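Below are structures written as structure tokens.
Okay, so subunit A shows up in both of these, paired with subunit B first and subunit C after.
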Partner chain A sequence: MNWNEHFPALLLIIPLFGAFLAPICSLGGKMARNILLVAASFLTLVVAFLLWRNVLANGIQYYVMGGENFRLALPSGMALPVRIILEVDAFSAFMALCGSIAAFAGALFSVNYMNRFSGQSRFTSLYLLLATGMLGMMITGDLFNFFIFIEISSIASFGLIAFWRDKPSAIEASLKYTLVSQVGSMLILIAAGSLYGKYNALNMAALGSVITMGTMEKLALVFLVGSLAMKCGAFPMHMWLPDAYAEAPTGVTCLLVAVSQASLYGLMRVCFSIYGVAMGSTFVPWMIIIFGLASMFFGVSMAVVQHDIKRLMGYHSVSQVGYMLLGLGVGLLVLGDARGMADYGFTAIKGGVFHVFNYTMYKALLFLTAGALYYATGKKDLNEMGGLARRMPYTTFMFVIAAAAISGLPPFNGFVSKLLIYESSFAVHPSLAVVALLTSVLTLASFVKVFQTAFLGPEKNSLLSVQEVPPAMLLGMVVLTAAILGATLFPSWTLSNLVEPAARALVDQSGYIGAIVGGGM
Partner chain B sequence: MGKVYTGFGYWDVGAWILFFAVAAFYILWLRAQGRSDYKKGTDQDEIYWSGNEVPEDGAEITVPASSAYWGFRKALEPFYKGLLGMHTGLPADVVGYYVLTVAVLAVFVLLV
Partner chain C sequence: MIGNAPFFVVGVLFLMGLVSIFLSKNLIKIAIAISIIGSAVNIFLVSLGYRAGGNIPVHFLAGEGTTMVLPTPQAMTLTAIVIALATTALLLSLIMLVWRHYGTLDIDEIRRLRG
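Let's look at the complex of A and B:
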């Protein structure tokens, strides 16, 4: 048996199996449950890495679920693929790799972080279920299946955000996310149903090969783009995000960062692979660019005035999502214009894709450092912190790296992806680059504030007994720090091996369609 | 290391690391030129706080995070009033902004 062919299915089976195994494993005690959490996350990461390598070497991988042959996407005599098909191109594989790294780091961190609390069996189940939903969104080739995975990840998120159910603020955050998420899911379902009603297809590649713009298609596009932009935290639909990120256990917030990227992935898949050049008008690309600019500027403006460390970082998530929307929106704007794509469009897409990687790593790390501070001090309010660099040197070091990276300070990786976005968006209009630059300045100002108030200054009497966090928590942060430093020190390797293949796959609509429906329908 | 060509210019991480290494070396050298009469553990180590006695609790001599960038917030008060005003935290508003945004987009996309 050639295991390589089964990687797409294994990527979902491992965390899903782990989720259902957790209650049984819990009977064996805390250690067994923790081993399950870390082992399932690690194995998922290994499979994601092998799948990514396989895709780079052999091209698009697909896996037909429930059929007689898992390689038979379009049985003879059939006009459309009817099975659920997992389709993994370099963009999907890249996203799955980013998500798996965040899931593994969050799992390592949670081993000690969650030790003080009860209900860890539920936590482990929901955490792995959330990872399954996220990875499913990233590798499915079926629109309805995408909706199912969104629901799986949403339901797991509702439980995890409200994990500390004795805290009214956690229940409230979960309720808000539940409400807005369910309305969003309904619109996604309506869009998928409408497209199915007209084209008799739910497979994204099949839809991409037949879609033509009409009133229904336009409305379906708005429902999909609006809902997925809301799920990834675009302004002004972001209001659930700071609450949810602040209230969830920190390991979960780390994973939620990657889950929001799965929604961004869905948004890009809809725009580039299903609609693509058939979109015709530049209205939707401009809409995405405006979402990006608004998210960047208003997100960071809100972050500057926060003093709850996790809420502050939550608003920065809104702001950072804006960079990706800007980069990918600029690329989408010139999708049908070969010259524009060669001049600056592809650079913008590369910047957006690179920023996905960077954002997932440094934002996940920032949330973990915020969690480490909460674990060590019991405080989330920056007003009550100070002088912690002496007591928590390793956390401080990793915070500085993540803060410098998110602020786009050279030579860190955040600078490289932002540079690509600045230069390419400048080619569309200088004002786009000005907003992006201004956002970067405010990001730096915000993190200088966090660094100064939490880590520098005299020690506070109430924090004299604070100690560095346990090794497993540090190890979770080290995984992400290593990823940031790797992308910082080897930007050309990262771009040519991770980013460019993903960006190329994203714009290659015919390649994505051709892998499933072959020579057309 | 790595050189990244952006299509408009290039970015060389090695050059920046070299710059930081040189800058760090220069700063450390400058620091080493400090006063030779400095003695650790003496009154010279005392914090100078405008001639006043330094409070024992560090909390009393730090600017809290909520007061940071006070001038920035004050200068942009109307902007922040509007921005904070829209973040009511009410579940109806959270859903409302989303529904409103999608509705506006739907109208525009049909008109374009």
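Let's look at the complex of A and C:
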């Protein structure tokens, strides 16, 4: 039996099985439950890694649930592409790898972090369910199942954001997210329905092979782009994001960062693989670029004035998502233009894809250090902290690495991806690069502020008894630090092995379609 | 013309839901508006799958008809209804907790997280 072909299904089954095993495991005590949480997320990471290696070696892999062929063939000879299908190309595998690293780090961190609270069996279930939803969004090859997985991850995250239900602010944040995201997912379902009504297919590859622009397709595109941009926290629809990130337990915030990347993945899959060159006009690419610029600038300018540490980082997430939208939007702009693509378009996509990896790693790490500060001091307000570098040396060290990476200081990986985005967006219009550079400067300014107030300066009397956080929390942070340092020390290896195949797979629409419907519908 | 009537109803219901999400101040009314949007989407899916005079798509004893109804939209609708049930329940329980913490359901007064 060849296990390799079952990896896409295993990637979903392991966390899903873990989620429903959690209440039973909890009967065996705290230890059994914690082992389940860490083991399930570690196994997911291993499967994601093997899947990624497999896809790089053998090309696009697809898995049909409950059947051999993606078509349903009737005795009359009629065949329809209606089966449930998972399709993994290098871009999906790359996203799944990023997502499962963040999920593993968050799980390790939560073992100690959630130790003081009750209701942990529910926490474990919802955490693994959220991971399932996220990974499902990344590897599904079917528009309706994309909707299902987005709903699985949404429902799990509503529960997790409101996990501390005795806190009014947590309930408020969760309610806000629920309202916004329900409207968004209904729009996705309408879009899926309109495309189904026109083409009798929900399979993304089958849709991509037949799509031609008309009123229905434009309507579906607007609904999909609008709601997915909302789900990944682009500017005008970002108001739920800082609240949700600030109020969720920290291990969950680490995973929510990866979940927002799954929505970004969906946006890119729709734009590049379903619509692709058929999109025709430059309206949507420009919309994505403008979303990106607005999120970058307004996100960071809101972040500079915050003094709640996790809210500050939440606003930075809005601004970092802007970089990816800018990079991928520039790539989308020149999708049909071979010369522009070779000149700067592909660089922009590489920058955007690399930034997805970097952002997931350093943002998750920053949230974990913020959680560690909260765990050790019990405070979230920056003005009440000070001099913690002496008490928490390891946390400080990892915070400095993450802050340097997010601000794009030279040797770090954030610098590489930002440089790729600057130089390619400059070729479209210099003002795009100016906004991106300005954002980077403001990011640095606000992280210098955090570092200075929380870690340096005189020790506060109220913080004299603070100790370094327990080892499992440190281990969770070390996983992410190792990923950042790896990408920093071996930038050319990372670019050519991790980023470039993913970027090439994203651009290669005919490859994505051909792998499934190569022999025609 | 009459064949397009379901889609017209879908549009009206959807707009009604969307408008009342933005205009209502009461959280329960907003939850109802979200359910209305959900119903509009479900009607949309069901009416997409309707074929006049269509038969059930079974292998055996399907009858004489040549038109068959593909069951995918019905399956999608059932799934969407189940999901809508879960989210509505969750939404209402969150609203219940909001009432317990804030003592009001007016969205203008629930503003601890602005700025």
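Here is the rule we go by: the second predicted complex is superposed on the first by the 505 of 521 C-alpha atoms of A that agree within 3 Å, B and C clash if a C-alpha of one lies under 4 Å from a C-alpha of the other, contacts with A are read in each partner's own complex, and residues count from 1 in each chain.
FYI, a contact is a pair of C-beta atoms (placed from the backbone, for glycine too) under 8 Å apart; a residue touches a chain by one contact, two chains touch by 3 or more.
Just so we're clear, the structure is a prediction, and the values are computed from it rather than from any experiment.
Within the superposed three-chain model, A:175 lies in touch with subunit B and with subunit C [touch as defined at top]. Once the two complexes are laid over each other on the shared chain, residue contacts for A:80 go to subunit C alone; subunit B is not touched.
Once the two complexes are overlaid on the shared chain, A:159 sits against subunit C while remaining clear of subunit B.
Once chain A of one complex is fitted onto chain A of the other, the partner contacts of A:202 are limited to subunit C, with no touch recorded for subunit B.
Look at A:467: by the touch rule set out above, it reaches neither subunit B nor subunit C. Look at A:183: by the touch rule set out above, it reaches both subunit B and subunit C. For subunit A, the partner touching the most residues, choosing from subunit B and subunit C, is B. By the touch criterion defined above, A:383 reaches subunit B but does not reach subunit C.
The interface of subunit A with subunit B overlaps its interface with subunit C at residues 172, 175-176, 179, 183, 243.
Chain contact summary for the complex, subunit B toward subunit A: residues 1-4, 6-9, 11, 13, 16-17, 20, 56-59, 61-66, 68-69, 72-73, 79-80, 83-84, 86-87, 89, 91, 93-95, 97-99, 101-102, 105-106, 108-110, 112.
Residues 172, 175-176, 179-180, 183-184, 187, 215, 218-219, 221-223, 225-227, 230, 236-237, 239-240, 243, 281, 283-284, 287, 298, 301-302, 304-305, 307, 343-344, 347, 381-383, 386-387, 410-411, 415-416, 419-420, 423-424, 445, 449-450, 452-454, 457-462, 488-493, 495 of subunit A are the ones that touch subunit B when the two sit in their complex. Of all residues in subunit A, only 74-75, 80, 82, 144, 147-148, 151, 154-155, 158-159, 162, 165, 168-169, 171-176, 178-179, 182-183, 186, 189-190, 192-193, 196-197, 200, 202, 243, 247 touch subunit C in the complex they form. Looking at the complex, you find that subunit C touches subunit A at residues 14, 18, 21, 27, 30, 34, 37-38, 41, 44-45, 48, 57, 59, 70, 72-73, 76, 79-80, 83, 86-87, 90-91, 94-95, 97-98, 101-102, 110, 112-113.
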